[in-house]
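One chain, chain A, appears in both complexes that follow, with chain B as partner in the first and chain C in the second.
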Partner chain A sequence: MSRRVRTVVLAPALAGLSALVYWGLAGLPRFGDYRGPYGFIINRVATPERHMTNAVTAVVFDYRGFDTLGEEFILFAAVVGTVLLLRARGTKPEGERDWIGSDGVRAFGLLFAGPTLVVGLWLVAFGTVTPGGGFQGGVAVAGGFVLVYAAADYRSFRKIGNEHVLDFAKGTGAGGYVVIGLAALVSGAPFLHNLLGPGQSGTLVSSGSVAFINWSVALEVAAANLLLVLEFLEHYDVPLRGGGK
Partner chain B sequence: MSFLPYAVAGWIFLVGIYGVATSRNLIHLALCLTVTQSSTYVLLLAIGYVKGGGAPIFKGVKLGTTAVDPIVQSLTLTDIVVSVTIIALILALALDAHDDAGTVNPDELADFEG
Partner chain C sequence: MIVASLVPLQATALGLAVLASTAVVLTRDPLKQIVVNALYGLVLVLLFVVFAAPDVALSMLVVGSIAYPIVVLIAIARVRSGKRDR
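Take a look at the complex of A and B:
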């Protein structure tokens, strides 16, 4: 299809779609006039029932824990696909790599790698209490490791970001979620039932087995993101000084 | 003003679709897809907003305080993280296409076989 034909087809289709979208949006309750009872109910019962003061995490890992399991496997499958695609193209020999150095970037990485890592771990640890959780914290932890790469160079990054270690961590994180769910099933309770009880509100153990789900998701998300960065660097680092591709 | 957040969500969605349809570069196309997807975040958070409501976190806040809907927030946060990995997959496919066909222009890729 030529560009001209495509534009001719696109224009009326897009006009029709916009009309439909805005017609649909116009039928929504006014902004700020939230009516759905579900959110209000969760806000009211999450803390007394599950001892989690963060209602968002309560939804993610408890009330809708089964959906999150599915979400987590979408992430897992996407990362496995990416890694397979990139690894299939093989690695370049060490000699052909080129290092891009910058004192500013190095200083930034050095300054922020530690704090980013700590913030990430804090986000995960207190995910059931204050804003945060396995998904957000996992990304921050991966970011901390990427900053280590920025501060040092690729070689030192590889020591902590070894593919085998990351593959293992990613699988353990994804599998851990299922194992926690199955543990409940084995003991005679429904899948993903909170076996350890709700714990004490406002503390690190304020959620029973949700804390473990939280950590396993954090492990998977952190490993998955780090693996993505690593694989892209491994196969597509751009040589700057001569050499060509 | 009460319609503005919805209007923004609709606009981001349509702009993203337009970008995908007219893209001349797979990487640009992947980013347009992210833009389209982001419209759902704006829409979800706008729907869940309660006038005068705080964050749905009740640490140090009296239970029963008006707070926004936590469900749309949990949908949004998991999707933001998952979408990053999906984009990585699309970009890996784009790199693959570039290595095989020597181009990332979808129009030229249409004629490429193999």
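Take a look at the complex of A and C:
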């Protein structure tokens, strides 16, 4: 297609799109105008009802706990699919793996691996009290482990990131959510009902069963992310030591 | 709800987001683009903080600065190593 034809095709489309975008923007409510009643209701009832001071976690793992179960299995299915594709190509022999030669990267990994891990665990633990939760904390925990790879070498990383352990952790995390839901069902309450009941607001045990759901999600997210990194690194044969193989 | 004292911060964060997102598009080298994109992620974290959404900010922080860069970085490394074999 010549430049001229492309311009002729583009011009009316661009004009139409601009008009639509302008029309949409002109009809927007004013800045700061919030019309959804849901947020206001949740803000008012979440803490008195569920004793969780983080209303977002109350929505994600309690009011909309069933939706989150579905989301968790989207992540689970995506990672299982990726891992299946990557494992089909087999593994490389042990000796060929490289370590990271840059001192800057190693120093960074050494300094931040521990703190990242601790921040991740803290985000999970206090997810029901302050901002955070299983998803955010789980990714941060996985990030801390990846920094071990940056600080040391692939073999040290493999000791933590063993795929048998990670497969198990990922499955346990995903299944744990369902088990907590079923436990409520077995005891005669609706699926995912908060069996342990709300505790005292502002403490780690304020949320009852939600804390367990939170930790099982964290386990699944951390294991799934680490497994992805591991499966990609398994096929990683770029020489990092100054170019030569 | 508009908090008057936050409006200048919010305007700054929005301006930074425009600049950073343009920078991502204008960076052509994928490796450099990962770094620029992670910085854009941090700008979005700032944006969510000043718009009083700390939970979203934390999600953006871990996805934008940990999960996404790692996956893209390793994917690029794999594609390049595959090319070298052939």
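The rule is short, and it goes like this: the second predicted complex is superposed on the first by the 205 of 245 C-alpha atoms of A that agree within 3 Å, B and C clash if a C-alpha of one lies under 4 Å from a C-alpha of the other, contacts with A are read in each partner's own complex, and residues count from 1 in each chain.
Throughout what follows, a residue touches a chain if its C-beta (ideal position, glycine included) is under 8 Å from a C-beta of that chain, and two chains touch if they have at least 3 such contacts.
Nothing here was measured: the structure is a model prediction, and the numbers come from that model.
Colleague: Going by the contact rule set out at the top, does A:A140 touch chain B (first), chain C (second), both, or neither?
Modeller: second
Colleague: Is A:L204 in contact with chain B, with chain C, with both, or with neither (first, second, both, neither)?
Modeller: A:L204 contacts neither chain B nor chain C.
Colleague: When the two structures are overlaid on chain A, which partner does A:N225 contact: first (chain B), second (chain C), both, or neither?
Modeller: A:N225: touches chain B and chain C.
Colleague: Of the two partner chains, chain B (first) and chain C (second), which one does A:L233 touch, if any: first, second, both, or neither?
Modeller: The answer is second: A:L233 touches chain C but not chain B.
Colleague: Is A:L123 in contact with chain B, with chain C, with both, or with neither (first, second, both, neither)?
Modeller: second
Colleague: Is A:V186 in contact with chain B, with chain C, with both, or with neither (first, second, both, neither)?
Modeller: neither
Colleague: According to the stated criteria, A:G32 is in contact with first (chain B), second (chain C), both, or neither; which is it?
Modeller: So A:G32 meets both chain B and chain C here.
Colleague: Mind working out whether A:P131 is in touch with chain B, chain C, both or neither, as first, second, both or neither?
Modeller: both
Colleague: Between chain B and chain C, pick out the one touching the greater number of residues of chain A.
Modeller: Between chain B and chain C, the winner on chain A residue contacts is B.
Colleague: On chain A, which stretch or stretches are contacted by chain B in one complex as well as by chain C in the other?
Modeller: Common interface on chain A, chain B vs chain C: 31-32, 34, 54, 56-57, 131, 133, 135-136, 139, 225, 228, 232, 236.
Colleague: State the interface residues of chain B toward chain A in the complex, per the touch definition above.
Modeller: Per the touch definition, chain B meets chain A at residues 1-7, 9-10, 13-14, 17-18, 21-22, 43, 46-53, 55-59, 63-64, 67-74, 77-79, 81-82, 84-86, 88-89, 91-93, 95-96, 99, 107, 110.
Colleague: If we count contacts the way the header does, which residues on chain A are in touch with chain C in the complex?
Modeller: Interface residues on chain A, with respect to chain C: 31-32, 34, 54, 56-57, 123, 131-133, 135-136, 139-140, 142-143, 146, 225, 228-229, 232-233, 235-238.
Colleague: If we count contacts the way the header does, which residues on chain A are in touch with chain B in the complex?
Modeller: Contacts found on chain A: 1, 3, 6-7, 10, 14, 17-18, 21-22, 25-26, 28-34, 36, 38-40, 42-44, 46-48, 53-60, 64, 68, 71, 74-75, 78-79, 81-82, 85-86, 89, 129-131, 133, 135-136, 138-139, 202, 221, 224-225, 228, 232, 236.
Colleague: Using the touch definition up top, name the residues of chain C that touch chain A in the complex.
Modeller: Result: residues 1-2, 54-55, 57-59, 61-63, 66-67, 70-71, 74-75, 77-78, 80-81, 84 of chain C touch chain A.
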